[in-house]
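Listed after this line are the structures, all set down as structure tokens.
There are two complexes below, and they share chain A, which is joined by chain B in the first and by chain C in the second.
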Partner chain A sequence: MLNMNVKAPLSFLLCLCIYSAPSFATGPRVAPSLFANNTQYLYTSDFSPFISSQTENKGVLIEIINTVLKSSDISAEVNILPSKTMAQYYFSQENALAIIGYDFNFSKQSQQKSMFVPILSIDEYYYTYAPVQQELKWNGELSSFKNKVYGTTKGNNVAKYKAAGIKIKYGRLASLLQKMKNKQVDFIKSPQLSLNNALDKHFPQQQSAFIKMEAKAIESVLGIAFNTQHADGKQSAEKFKQGLQKIIANGEFTSILQYHLGKKVDINPYLKHLK
Partner chain B sequence: MKLPVLLLSFLCASCSHTPLSNNNVDPSTVGLSNARLQRIDNLIDQHIAEKKIAGAVTLIARKGKIAHLRAAGLADTNKAMQTDSIFRIVSMTKPITSTAIMLLYEQGKLLISDPVSKYIPEFKNQKVIEMLPAGSEFPYKLVAVKRDVTIHDLLTHQSGILYLASTGWFPNAKREQVVSFYRDAGITDGFCRPDESIGDMVKRLAKLPLYAQPGETWEYGLSVDVLGYLIEVVSGQKFDQFVQTEIFDPLKMQDSHFYIPKHKLNRLTADWNSDWNGSLERVTAPLINGDLALCPNDAYATSGKYLSGGASVLSTAYDYFRFAQMYLNKGELDGVRLLSRKTVELMTETNHIGQHDATLLHSHGWKFGLGFAIQQDRSHNVDSGDKGVYEWAGYYSTRFSINPKEETITLFLSQTSPFGAHFSLWDKITALSTSAIAD
Partner chain C sequence: MKKIISLIFGLLFPLSCFADVIQFEANESPPYWSNNMPHKGMCGEILEAMSELAGLQANITFKPLERLIEDSENNDVGNPDFYLQQNDFASIIPIAIYQSAFYYYKSNYLTDITLRRLSDLKHYKIGILKGTLVNRLSFEQRGINFETSYKQESIFKKLKLGRIDLALEIDLVAHQTLHKLYASHERDFAMVSLPNSTAPIALMLNENQANAKEIATQYRKALAELIQSGRYQKIIEKYYGHFSPPADWFDNLNRFNRLYNFIESE
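Showing the complex of A and B:
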């Protein structure tokens, strides 16, 4: 039996609960966005067809990365941004877990805190617009482009171009192609796959006007740079490396490449860095 | 190409008031002074004779009737302006897009308080730029939004989304930084028509930083272009198809288009570059000035992918009169009800921007409804005749003004760049239109 001294406050509390119930039942107008979001993001920017915000599986590189993340039990989500400099901002200023892509144009400080895991090799070529620049040739020396205008994505390292007396204009690939047509840009650098994709989409009738310079410009490696200053950075990098080896060994890596690039495509050039 | 003065004089002499429909009446029957309306003719003719503008169409309507409709000067080289000439109305597209949103609101398909991310997920977890003090190791930081951008923010230009061209209007370091992200991401203002869908552009824009926290600024920008894509998502139709079937068709706006039909190309007016001092040249190439990129000749394209909710529509004086008259009639025209009276009141009679002022085209004393600037008092520099007048304008020098108290509509359509030189002419036209009221 409860004595009256206890009963009175209990009754009061019970009444309070009963009278309060309707207001809780409808719920306050709290937006879901007010709840904390603990997702770890890996930042990158569009580089179709390797990284693509416009396709369901986000491009071949991102599908490989997502497969490795899943198999390695790394809880993180890839965030594809439309600006490479924004991805670099999150890595250098917001201590993001990792950045994906290549040519990160790291400062010395960012370089020191990154642990790069290579994933895909790509050959890049210089391209020009034939009706405007018939004479432009790549001879292996940037000096051959002196006083010309190089079109590239903002965020790429352009120091060696500037040092060679080359002017720089920035833009996305599609706009750089248009700028070449408009004589605002003389040449660009791109993997053949990326260029073909852009031409299919934006210049289907003029593909032959954009010509590849014979010699390769550079061999690049696409990958993921983990941030060792991040609490999970080093551990995630190690787990990722092991996970990558695992999917290479079990054939998943090759399957993904073939799914995206076609079964008839020789995938060996994309794996050069593994050798 | 320099314009021959003689040809201009000839064309001015041949300016005419052309009847277009049974809406046309003698001005005196609707309480307007014909003599005073002719002052508008004189003003336009003077500007043409001085080669400040090549030509224009003006329309003044009252009580549902067109009391003045006049074409003057040139529509193109050696081609006289006609009352049914077709114009790039650019930002006068925005009230049309806002109307489309409110149609979906009235159909129960959205609330204007809805976060945009409910329909376009890329708008989730947006960031806002904050500049760091001079001398900081890094110039800015990105902070989380306090709340998501809503449809209301987009309708009222309170989203924090900018125009790239605003770096020229109101330069500062923060704006420059946001716009540099826009440039990286290939965002355009929509005055040139890029080779991509509006959805592709809007999804990229959503991932870029906002200039200010949503609701904490009034910044004219690409907000209404976002609404255009949102209409596609919510309606399941292409934006232009939705506008055609839900607005242009019911209002019988037969000469309003996102892309001009081939058989109407000969009615499309040219754009002219004016130094406002006697040098007038037909524009033949894109006009680039810093971040401002205008491509008036893109309007000759008869098809394309890009559908800008903020800038794409081409229209005539008569069509836009019908659109404006629907608003003046509180949502109805010729027996067709497009919007409810209550929605029109929400859009045109309610200040939605609190303490901010809609000063971009006007002055202090102007607020913003849903798609329209609204005059709040008559004590500031830009007076369109009454408290409660609502209006907007377009970049190639077009302007409309609706006075609900006096039941008047004033329309001025020209195609002259640069934009900034026209404020005085526009204000004079609204002043002359207002002072023609004679009852």
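Showing the complex of A and C:
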């Protein structure tokens, strides 16, 4: 009945970003990524404010990556998926060009085929909900959390927590905060910026109840892991490294950080991995 | 007195209702899920048949999508991508797929519309359902404009009147809407298919669902039996009518199965 001969050579992937008040759970999701068939994807998931489908230019890390891709003439698009495990699937099982983020929890096989380019250093801290967990202290050893419940995102590596006798509950940051309030989770780990964003959005009146434990839990490095088994993987990784150095040297990197994190931001902590 | 109370409770709340019924929540999205259709729509009928084969009882209640997404304690049905942004599930079982396409009214154009690049869309005003636009800002930066409508029928009426140039809609929904509105001249509408827009429709079992893993195993087995027996195909064909389901239906169903099995195993 319809003109089926009108075939567009466009290949559309209605990708998985954030939905502005979607109304149909089984509906066309009109995503910005209407791509051609041969588009290469860099997969990731939300990690606000570094990766965010809700903010301009998709967050500070993605703006840096897109700037490098453009300046290095690497033809690829960032695809922000609804979960970290989905990004891990496309990298490990469907030979995607790259995965963006950190703590990829790679299998030995995925680890061997990945070439990681570090971009931003971030400090992460343990947090607890003070009205419920007044006695919980971080002494630098995970054994101090033995028999407690650690809340984290599915897809993160939890082996060392399990080995220390810590129980695991999964969830997104907002739901983990709620679970801490509900006594289902005792502590979580997060960069301060991410936690502050989540508190501003979901618990604006109760921010002081969520307590940061000193000292920092870990220094993590956000970056992009290229797939060396992908036809363009090694070459893209090399081009990306050079492009990144170029935008650090010419000041674009600093400008992007300042645009997203404020004019007064000290960029040195974010570049600790370079030292 | 105790006997009377027990009898009243027994009549009002049979034990099986508490023990066995798996409660799913959906939002109204016909013909896939609908409280106003026999068997609650195409996927409702698939779920019904799967439950029968698995010896399980399932019930679907309908709520607005935003409430479903916000609820992290319930079992959902629909496209997992809408829910995974905020929720994790014990098991996700894809039971069907759907594809989207662009449509235009041929009489409004002297030649066929071809869309080779994303930038080609800049020339058109595109009609979509309200609430389905993902990251409006990104589209606006590319100079692509949308007009939203509350109902599918409104989109296609606007298309015919030339108030919009293109409509983006699920192909089966568009087909049924056009058949309902313009049965005698459906051929006046052209479709530009988007083969890689394939999305899954799945049962999502919450981590709080008792015996979620066992239920998922039973449902997966039942789905395999349903497909094997040919009954699944009949259900699909009933809803698609003379409009063909996507040719690579089962390949895509398997692909989504691999994805969600991976997520579940992590």
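By our rule, the second predicted complex is superposed on the first by the 239 of 275 C-alpha atoms of A that agree within 3 Å, B and C clash if a C-alpha of one lies under 4 Å from a C-alpha of the other, contacts with A are read in each partner's own complex, and residues count from 1 in each chain.
Basically, contacts are C-beta pairs under 8 Å (C-beta built on N, C-alpha and C of every residue); 3 or more make two chains touch, one makes a residue touch a chain.
Because the structure is a prediction, the values reported are computed rather than measured.
**Student:** For A:Q88, using the defined touch cut-off, is the partner it touches chain B, chain C, both, or neither? Pick first, second, both or neither.
**Tutor:** Second partner only.
**Student:** Of chain B and chain C, which one touches more of chain A's residues?
**Tutor:** C
**Student:** Applying the document's definition of touch, where does A:E56 land relative to chain B and chain C: first, second, both, or neither?
**Tutor:** After superposition on chain A, A:E56 lies in contact with chain C alone.
**Student:** Check the residue A:H202 against both partner chains and state whether it touches chain B (first), chain C (second), both, or neither.
**Tutor:** Once the two structures are laid over each other on A, A:H202 reaches chain B alone.
**Student:** Does any part of chain A touch chain B in one structure and chain C in the other, and if so which residues?
**Tutor:** In the superposed arrangement, which is not itself an observed complex, chain A uses residues 31, 37, 53, 82-83, 85-86, 89, 92-93, 154-155, 170-172, 174-175 for both chain B and chain C.
**Student:** Residue numbers of chain B touching chain A in their complex, please.
**Tutor:** Answer in residue numbers: 115, 117, 124-125, 138, 141-142, 145, 147-148, 180-181, 183-187, 195-196, 200, 203-205, 207-209.
**Student:** Please output the residues of chain C touching chain A within their complex, sorted ascending.
**Tutor:** For this pair, the touching residues of chain C are 26-27, 29, 32-33, 43, 64-66, 68, 72, 76-88, 98, 100, 102-103, 106, 112-118, 120-121, 128-139, 142, 146, 168-170, 175, 178, 186-187, 189-197, 199, 201, 207, 242-243, 258-259, 262-263, 266.
**Student:** How about chain A: which of its residues touch chain B in the complex?
**Tutor:** Listed in rising order, the residues of chain A that touch chain B are 31, 33, 37, 53-54, 81-86, 89, 92-94, 153-155, 170-172, 174-175, 202.
**Student:** Please name which positions on chain A make contact with chain C in the complex.
**Tutor:** Listed in rising order, the residues of chain A that touch chain C are 1-4, 6-32, 34-37, 46, 53, 56, 82-83, 85-86, 88-89, 92-93, 105, 154-155, 170-172, 174-175.
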